[in-house]
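The block underneath contains the structure these notes are about, expressed in structure tokens.
Order of writing sets the chain letters: A, B, C, D, E and F. Residues in each chain are counted from 1.
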Amino acid sequence: MKFGIMVNEGPYQHQASDTAYQFAKAVLAKGHEVYRVFFYHDGVNNGTRLTVPPQDDRNIVTRWSELAAKHNLDLVVCVAAAQRRGLLDESEAKRHGRDANNIAAGFRISGLGQLVEAGIQADRMVVFGD
Amino acid sequence: MKFGIMVNEGPYQHQASDTAYQFAKAVLAKGHEVYRVFFYHDGVNNGTRLTVPPQDDRNIVTRWSELAAKHNLDLVVCVAAAQRRGLLDESEAKRHGRDANNIAAGFRISGLGQLVEAGIQADRMVVFGD
Amino acid sequence: MSDAGGVVKKFMFVNRKAPYGTVYALESLEVVLISAAFDQDVSLAFLDDGVYELTKGQSTKGLEMKNFSPTYRALEGYDIEKLYVARESLEERGLSEDDLLVDVQVVSCAEMADLMAEQDVVLSF
Amino acid sequence: MSDAGGVVKKFMFVNRKAPYGTVYALESLEVVLISAAFDQDVSLAFLDDGVYELTKGQSTKGLEMKNFSPTYRALEGYDIEKLYVARESLEERGLSEDDLLVDVQVVSCAEMADLMAEQDVVLSF
Amino acid sequence: MLHTVNKSPFERNTLKTCLAHAKPGSAVLLIEDGVYAALSGTAHSDMVTQAMAQVSVYALGPDLDARGVANRVLNGIKVVDYAGFVDLAIEHPATQSWL
Amino acid sequence: MLHTVNKSPFERNTLKTCLAHAKPGSAVLLIEDGVYAALSGTAHSDMVTQAMAQVSVYALGPDLDARGVANRVLNGIKVVDYAGFVDLAIEHPATQSWL
């Protein structure tokens, strides 16, 4: 079965990203497919490679990147929400004249259509937020 | 009179940063002093120079930077909260081996002691959050 | 734009939060507008503080924020016409249909529950 | 470390949120620990879901999150000994002092209000 | 003491807890989504009206305007702007934000 | 339908609204701070017990454990892990997250 997952909150502040990650891992462990994880609202902040969590805590961003690499997941960050909050990839940074970008490995920036499309293509859509 | 201000939420997602900004402007307009604005929790995300808000919306980060420049404000971002969430200045990025930083003009990164010290030195402390 | 391959699903966007205090109402509306391009069966539910998203007379100058409430009026032009508002939520707030800036269907809690149960995809923010 | 110049103010940290669902409880505790270095008159108030921060037996392995509850036991070592817990909040939750992992003073709503009114600085998260 | 409440009383327990701890003579300022508590004809109007016997209740005008509810404010609630918020914070020796 | 609730019933109105809209035969899964609704002896236990006459109520074990309340779960509530959460999402044709 194909799952779509939406994450509406950033790392650490709310548990949403943690729960979504554990849910995604469980989906994969059962042999199902994660069609896409869509990061919206502050959820876009899960896609920054600049986090430096304490040594004794989980690294939420790296965990997503690694899960994506292992299972070829499609981690999509909403472009409009990302622009508002300062999450850019190289081409976005260039386009908007910014001198740096901060997107992490395994994440890509795209439009809200990707969320609707996930709703259409996936058999189940589950939302995690505040 | 000297005011300390704490901001606990990031830009756009919650109104906290907007209200804090309008409050700070009103404090200054009345001839009082803003001793320090301390950004904690997701509030640290107010200090990223990578935001690209829509043309017809306010630019929350730039607004803080400009207010700081005009009134010589002390905008302090909590280092521990910033590390968790991916807000770094040049020296933090170097120290943690990151290839980019994203802090905006007028913000500085420092410890939680700066919050307690603001509570001691300011005549009034006002907190804005979720 | 749609690459849905002819699939039509029932999408419901559930709005339970007040505008301006948080961005959820605004960013939810942005998804609704995009969804129009996919030829799906879209409905919007407004309950609890979500009914405040639709109040007439919003004026955001003092907040320096964008007043996005007129966009609800534009939904009709995108063929998004199923707007359901919870009667109990209006009543608790002393609001009536006349206080809302768009035409809506006011429904009971039981009717709203039936509508929700029919959906293929429920997005909440 | 303190550059308070001899000023001693009454600081209260107000905890009203449950642990783990949000980071406020953990990051609040980090401020409390720092405040100990400034020789201020520090107290902590736990009310509403904040009382859940102090429950015994927290075990976070399944969440892969850090269990920070033992830190409350360390507060005494920092001379932070004024921990006030709202009686009504415990009762609503079916909790008693025995369920908490540190010694606290259980106070009524009126007593908590008096304590709050005495403060110079109230920090809430 | 000045108390601020920024949450809707329909969504959260914040206002209720604030009012239970606001001592006679203190001030409660409703801001952001908290201004929905300032309105007449709602399920929470009575709670606020009763509280006004003990405490002064204020509401932030720009937040009322944004939400289109400025014409529904309960009698006895004073509407202030950001400058008035600053005045209240000065007038009272400490501010407690009920988040 | 599978309903998820991630908020404490003491802090927000989320669970109450969810239960008012969960049709007989549907499932309600309590996660994150929502698990506080799964406990016996609280001000909200009766509401949940009554709901169980119509809907199946589940609670996420790792969230109960983290909060130190796994030994207080109401009779009739089934405790599941993340794999059980996935099973519930599969079993029901749609999931509604009450945020």
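Criterion: a residue touches a chain if its C-beta (ideal position, glycine included) is under 8 Å from a C-beta of that chain, and two chains touch if they have at least 3 such contacts.
These numbers come from a predicted model, not from an experiment.
Participant: Please identify each chain that touches subunit A as well as subunit D.
Facilitator: B, F
Participant: How short can a chain-to-chain path be from subunit B to subunit E, counted in steps between touching chains?
Facilitator: The fewest steps needed to get from subunit B to subunit E is 1.
Participant: With chain centres defined as mean CA positions, report which chain is farthest from subunit A.
Facilitator: E
Participant: How would you label the subunit A and subunit B contact, same or different, if same means the shared numbers make up over half of all numbers there?
Facilitator: Looking at both copies, the contact residues mostly coincide.
Participant: For this structure, I'd like the pair of chains sharing the most C-beta contacts.
Facilitator: Ranked by contacting C-beta pairs, first place goes to A-B.
Participant: For subunit B, which other chain has the most distant CA centre?
Facilitator: Checked the centroid distances; the maximum from subunit B is F.
Participant: Quick one: report the Å distance separating subunit A from subunit F, using the average Cα coordinate of each chain.
Facilitator: 26
Participant: As a quick test, compute the distance in whole Å between the mean CA positions of subunit B and subunit C.
Facilitator: Result: the chain centres lie 33 Å from each other.
Participant: State, to the nearest whole Å, the distance from the C-alpha centre of subunit A to the C-alpha centre of subunit E.
Facilitator: 38
Participant: Spell out, as numbers or ranges, the residues of subunit C touching 2 or more other chains.
Facilitator: 20-23, 48, 63, 65, 120-122, 124-125
Participant: If I count partner chains per residue in subunit B, which residues reach a count of at least 2?
Facilitator: 8, 12-13, 15, 22, 41, 54, 57, 80, 125, 127, 129-130 - these are the residues of subunit B that touch more than one other chain.
Participant: Do you know which subunit F residues sit against two or more other chains?
Facilitator: Only 6, 10-11, 13, 32-33, 62, 81, 94-95, 97, 99 qualify.
Participant: According to the definition of touch, which chains form touching pairs?
Facilitator: Chain-chain contacts present: A-B, A-C, A-D, A-F, B-C, B-D, B-E, C-E, C-F, D-E, D-F, E-F.
Participant: Show which residues of subunit B lie in contact with subunit D when the two form their complex.
Facilitator: Of all residues in subunit B, those touching subunit D are 6, 8, 40-41, 80-81, 111-113, 115-117, 119-121, 125, 127, 129.
Participant: Where on subunit F does subunit E make contact in their complex?
Facilitator: 10-13
Participant: Touching subunit F in the complex: which residues of subunit C?
Facilitator: 14, 16, 47-48, 109, 112-114, 116-117, 119-122, 124-125
Participant: Can you list the subunit D residues touching subunit B in their complex?
Facilitator: 1, 3-4, 7, 9, 11, 23-24, 27, 30-31, 34-35, 37-38, 40, 120-125
Participant: Quick check: in the complex, which residue numbers of subunit F touch subunit C?
Facilitator: 1, 13, 17, 20-23, 26, 93-99
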